[in-house]
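Each structure below is given as structure tokens.
Two complexes, one shared chain (chain A), two partners (chain B, chain C).
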Partner chain A sequence: MDINRVSNEKKLNLCTWYFRAGFAFLPFVWVINVIWFFDSAVRKPPFEEQNAIRKYVILSAIGSFIWIIIIATWVSLFQANRIAWGSWADDLSFIIPLGSK
Partner chain B sequence: MKTKLAVISLTLLGAFLSSVFCDRTKENMYEDVYGSMCFRRLNATHQTGCSSNGKSRGSVGVLHLISSDSDINFLLNKPPAPPYAAIVTPKHFTRENILKLRDSTFISAIVLINDTQKVESFSQESKCPNEFFTHSQQPTCDILKPETTWNPFGTGLLQENFEIPIIFLSNRNESEKVIKCFNDFNKDFTNQKQRSLCSIEINSFMSAAGNSEICMRRTEIFKLLNQIHYCDPLQGKNVYATLFPREIVSPKNRTIDESEKIILVTARLDTTSMFDGLGLGAMDSLASAATLITSGHYLKKLISLEKLNDKKINVMFMIFNGESYDYIGSQRFVYDLKKGDAFPSPSSYTKPLNLSNIMLMIDIGNLDSFTDITMYQLKDSDFGNNLISSFQYYNDKLKLNINFTSKTTNNLPPVSAQTFLRENSSFPAFIVATTKPENKFYHSVYDDMNNLNFTYFNLSADFDQLDSIGDSHSFTVTSVQIKIRNAATLVALGIYDILNKGQKYNGTYVASSQLVDEYLYCYLIASKCRLFSSIFEFQGSFHGNDFPPQRYISVQATVTLEATWWAYRVLGFVLSENIKGKTKDNCTVLPDYWIPGSNMTGECRLTTQNFSLALSPAFEEVDYNFKSNRYSTWTESTWNELSARIFLRPSPTHESLTFSIGFVVMILSFVIVYIVNSKSDVLFTEMTVEHVSLPAQC
Partner chain C sequence: MDGHVSESSTAREKPGETEERLRKKTKQPRERNYGATEPALVTTSQPEAPQPPRRERNNTESIDEEEEKEILKYGAKHVIKLFVPVTLCMLVVVMTINSVSFYTVKDVYLIYTPFHETSSDTSDKIWNAIGNSMILLVVIIVMTFLLIFLYKKRCYNIIHGWLILSSSMLLFLFSYLYMEEVLRAYNIPMDYPTALFIMWNFGVVGMMAIHWKAPLRLQQAYLIFVSALMALVFVKYLPEFTTWMILAVISIWDLVAVLSPKGPLRILVETAQERNEQIFPALIYSSTILYSMGMATDENPRRSVDNVDESAGFSNDWSNQSRQRTQQRQIEVQANDQNRPTQYRTVTRSSDGLTDAQRQQQQIEEEERGIKLGLGDFIFYSVLVGKASSYGDWNTTIACFVAILIGLCLTLLLLAVTRKALPALPISITFGLFFCFTTSIIVKPFTETLAAEQHYQDVQQLTSFSNDWSNQSRQRTQQRQIEVQANDQNRPTQYRTVTRSSDGLTDAQRQQQQIEEEERGIKLGLGDFIFYSVLVGKASSYGDWNTTIACFVAILIGLCLTLLLLAVTRKALPALPISITFGLFFCFTTSIIVKPFTETLAAEQVFI
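Moving on, here comes the complex of A and B:
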């Protein structure tokens, strides 16, 4: 779908729904929301729904940013402590490397 | 005429094509090298052995022959074209050298060649084998105190971890192939960086890592899409047989009979070495197993010759498996005895035994020279003193030429009795072993028939007959056959005295030296041998191999290894009774067993032999604490491939030139495509739809 060909009203509708869907622990939906509607929210000449879209885009951006921090912290914590955590970490791992601890 | 010509030329072309080798050019760059690989084993705390680099296709290094210490220094001090693969002779395969090479960042592999030059000693086992599983919680053998060690020639490399592969080229041709390649391309050490160099690529990547606890846990975790087997516990089977058949009871009536008294005679079945599939363990454990077999045979014959019918005391001959790896077999045996109804298994139709049924235990350890033998015990006891006086009596009387001594000591040899004493320090265990360790090739690939000084005499006389004193057939008095015969005679007569309540044997028979000859041939030279063919046939024929059976315990859970099967059959044979008059058709249900017999005329034998599991209790107990150091925890890593090949690696200059050309071509292609794309309206005239032919309508 080419977002440029969609009416502004539909854009707002889509943006709202993407923002709401993100709350179901789907941070990537927020990231997509930000990328997809960034032009409409910031670069396009003003239109009626722009403020609302901008609000959702900014909120999605904040949400994704928080998620990135959470995921990055977990990944680094897990990678640093995988060996030390032993059995528990093995249960969490999807792929256990061959030939190393 | 024309068709004839065409047919001929087509046939010729066909013949030519069929002789064409269609290998890929990539494959032609390499030449395979066949050898034995060092692989990874793990215990409760460590990983030992070797693994190649797993990232690419194995570890690659430039071959470099080490013929003196200066070569080692060359490799360790910034060599010109790293990484290198060191070619090491057995002489240079010392702990110091190998650890230096291992810890250097310039070394990616070690190639051990089979050199004719005889080395003084070559043992990768620890100076104190099974150091942490002795009778006491504190180790009694100290690596730093040579007088306490049981393998003073050991380098302990078997217990080290190598992140590089080590391959042993046992075949001389393979060794020469590698050395020739080194001589042809790498011998000139100057400007190595500018030349193409002969290199080796070794692939022996191991899946397991860390320790047994980690790899077993990971193997047992259920993964939906990615189930991987990391390691397997070392396991095999113990073999045992009794002098007198035990009472047959139905599985329902199996209860321990406290009045049953058993003398346990034990030896070791397995051996090990650093390299996969090699190591016969001739002097190491084969000789002690031969002593056990021969003494069993002798004792069985004596009983019927002397008409000893009092069967109150039975003798159980047992050959333990996996003893090289912290006494796996004996630990499991003791564990089963303590359980109460686990040994022998219900399927044996005999009553279960427990530890108190064992009246005493005689453990035959490594006998090394066979002339200096000591009886070791942990504490002085009447049993021990009686045994010692029996041994001394028969040694003098039958002129067995053994320098026999006895010793009460805390530092016992590394044998199965340690497990029993660990359970109960006053267990009546007596160890018959060498006075001082003399095996310079303990647990190595060179512990073979030469180390044992064995020559096969191939006498045609009946090996099932006993020798008389002074009768040594054609064997020389110093031959290993006679020495083992004498040691076996001593052990058997010690037991005979107990069975006969102290009454001495006055006959002139000693154990069979020919049985020793045949037994050693089968286990050292080829399993297609006289002894094996006379105790086993399958559908009327015998299938032996031209090579000896492998005696490493291995990890087989369902299959019983060939060496174990043969131990089972030989032990069963020597302790069985010939049931005269029974035909082959009536001799099909165990314990009756039909064998071709030593004169190949066929005999029906009443047998007593059986297997018991040699799998460490550590893998049996639920939630075993791996840190407890209670049981053996050895596992073997799995691997995908063990392979090695040599090839000519281009010089770094050559490699960078090839890479740069490729890079330049790529950049150029981008530029060209960009130009063509931007000028497409000039280059290509516009195509109208009419010019494009539409697909035909069907």
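Moving on, here comes the complex of A and C:
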């Protein structure tokens, strides 16, 4: 749907729902929220709901950033120490790579 | 499951509506800027007026010409808008099949294909294939009629609930398996928490994009991915001959179901028309945004994607899938109906003497519909190309790809002419199958022989290249002159427009000029085409695909840069230098550096 053709109330509604949805361990939804509503929040001339949308976009951006840090930390730790951690890391592994000859 | 192509552009309007559409033409600058046909010279000179006044009808002739141009213009743009997603879908399937061996390994089959083509006798295999196809066709027919029954009884909740169930299965389960196989193929370690987290995010956002509201590109991307997944499942779980047979059978069924008066999809179309309903805007790939302003109240963008069983035990999934497939078709048909009721309504409304604003609104609805193509079409196109690529021969794969695009083009052309719902599968699949088999039977041994014999001719060809080049220089200069003249045609217009707009013309006349400007498009001299093709053809005559594709890419990059320069400098530019320079450079570096490198790599792999 074209976000520019939707009324401002609907935009605010969508933004709000996307923001709330992101709390269910869904940083991807927050990222989409930021990207999709960035124009409306920042670049468009001021309209009534812009402050609320801006608030949600900023909060979503902060949330996604936090999640990115968490995920990056965990992935790098795991990949680096997977072998050193022994058997419980193997239990945690979805794919264990095959060795090379 | 095939789908039909639904035409939703304004080119399909009845003649009476064209006037209004023309008046509204200047209103949607964004709509016009879709696609690749915008003139590079004049895009910056258009104002983005949101409320254009009505343009006076100066004379019938110019209106007719513009109508014609409009029809063609929308047709070409929409063809391109469909080419891109179809190509992307096929690309995903081909890349996966070539890199992940899981999808070419035949271990388990579905319960709907009980004949596994295990005997070595060809006629037995063909009988198996026919048997399997008939079973699948019967399942599909049953499911189609079931869906029509449900639709006629207005059991929308059942349909929607089932669509949500199937699409969630596809988005979660089959994407999970896909991810697992891809990671395994590339030997990348992954832990459960991360994997589940990724799948959770991917799946939920997919559900939101498909069934609720999300950015259009995201929705399109998910639809493409989901179609590619389905196609991969088909390629994996159907035995060899059955796949080909199923493609042919489905195309024929599509033809029958959509066009014959008793066909289920036709019945669905008519029912939806009677009810003036907009149902299942999902399950269709839509190239533009759908608006439901003033349209049917039912706004249920549900999408169902086919699930295919992974093992023989999931018979429910398969039936769900077939139901989905039929639903897909029906959804396409219904999407068509969305367009046609709109047309009818517009016709009646315009005779009601509505206000301008309301008529404008209707036309916004109509114009922004774009082309719709059913997901079943994506799936079966990708199955065809995927199957062709699983044999390992790039000639066949690319031949199939080109054939499908040509078929799609022809279908859209037919759509523009006949203006009713059309099945999108038959023409493309016929061309695709034909090209596929003729290429593998005729072209492949031919190119292999040529490649084997070329080892001794390389050096001679390189030296003769320069002689041909000097012979062609006179032609080149002539063609360049033609280009410059063609570009000059553009420049006078530009100048004329600049002076006219400062004359204080009426809005009507200015709009007319803008329409003239818009429709100029980009001009490229035929000499450019000829010499680009000479370059690529020469590169391909060495038999090395790397060089050919490198040249092709280089030429496109050069063309891109040239057009960029054109947009900046706004005067006639030679189109050859940049592209040919890049092309020659890439061609020779590839053949001198990359080719021995890949050959060594390939040779060493034999002993691993």
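The working rule: the second predicted complex is superposed on the first by the 99 of 101 C-alpha atoms of A that agree within 3 Å, B and C clash if a C-alpha of one lies under 4 Å from a C-alpha of the other, contacts with A are read in each partner's own complex, and residues count from 1 in each chain.
The working rule: contacts are C-beta pairs under 8 Å (C-beta built on N, C-alpha and C of every residue); 3 or more make two chains touch, one makes a residue touch a chain.
Note that the structure is a prediction, hence the values are computed from the model and not measured.
The superposition on chain A brings chain B into a clash with chain C. When the two structures are aligned on the shared chain, A:Leu14 is found in touch with chain C, with no touch to chain B. When the shared chain is aligned, chain C comes close enough to touch A:Val75, but chain B does not. By the document's definition of touching, neither partner reaches A:Glu48: not chain B, not chain C.
Contacts of A:Leu98 after superposition: both chain B and chain C are touched.
Here chain B and chain C are compared by how many residues of chain A each touches, and C touches more.
Once the two complexes are laid over each other on the shared chain, residue contacts for A:Ser87 go to chain B alone; chain C is not touched. When the two complexes are overlaid on their common chain A, residue A:Ile32 makes contact with chain C while staying clear of chain B.
Superposing on chain A, the segment of chain B with clashing C-alpha atoms against chain C, chosen from 598-606, 634-642 or 688-696, turns out to be 688-696. Where the contact sets of chain A with chain B and with chain C meet, they give residues 94-96, 98, 101.
Those residues of chain C lying in contact with chain A across their complex are 180, 183-184, 187-195, 197, 200-202, 204-205, 208, 213-216, 218, 289-291, 608. By the touch criterion given at the top, residues 83, 86-87, 90-91, 94-96, 98-101 of chain A touch chain B in their complex. Touching chain C in their complex are the following residues of chain A: 1-3, 5, 14, 21, 24-29, 32, 35-36, 71, 74-75, 78-79, 82, 89, 92-98, 101. Put simply, chain B touches chain A in their complex at residues 51, 54, 205-210, 214, 217-218, 221, 223, 226, 228, 230.
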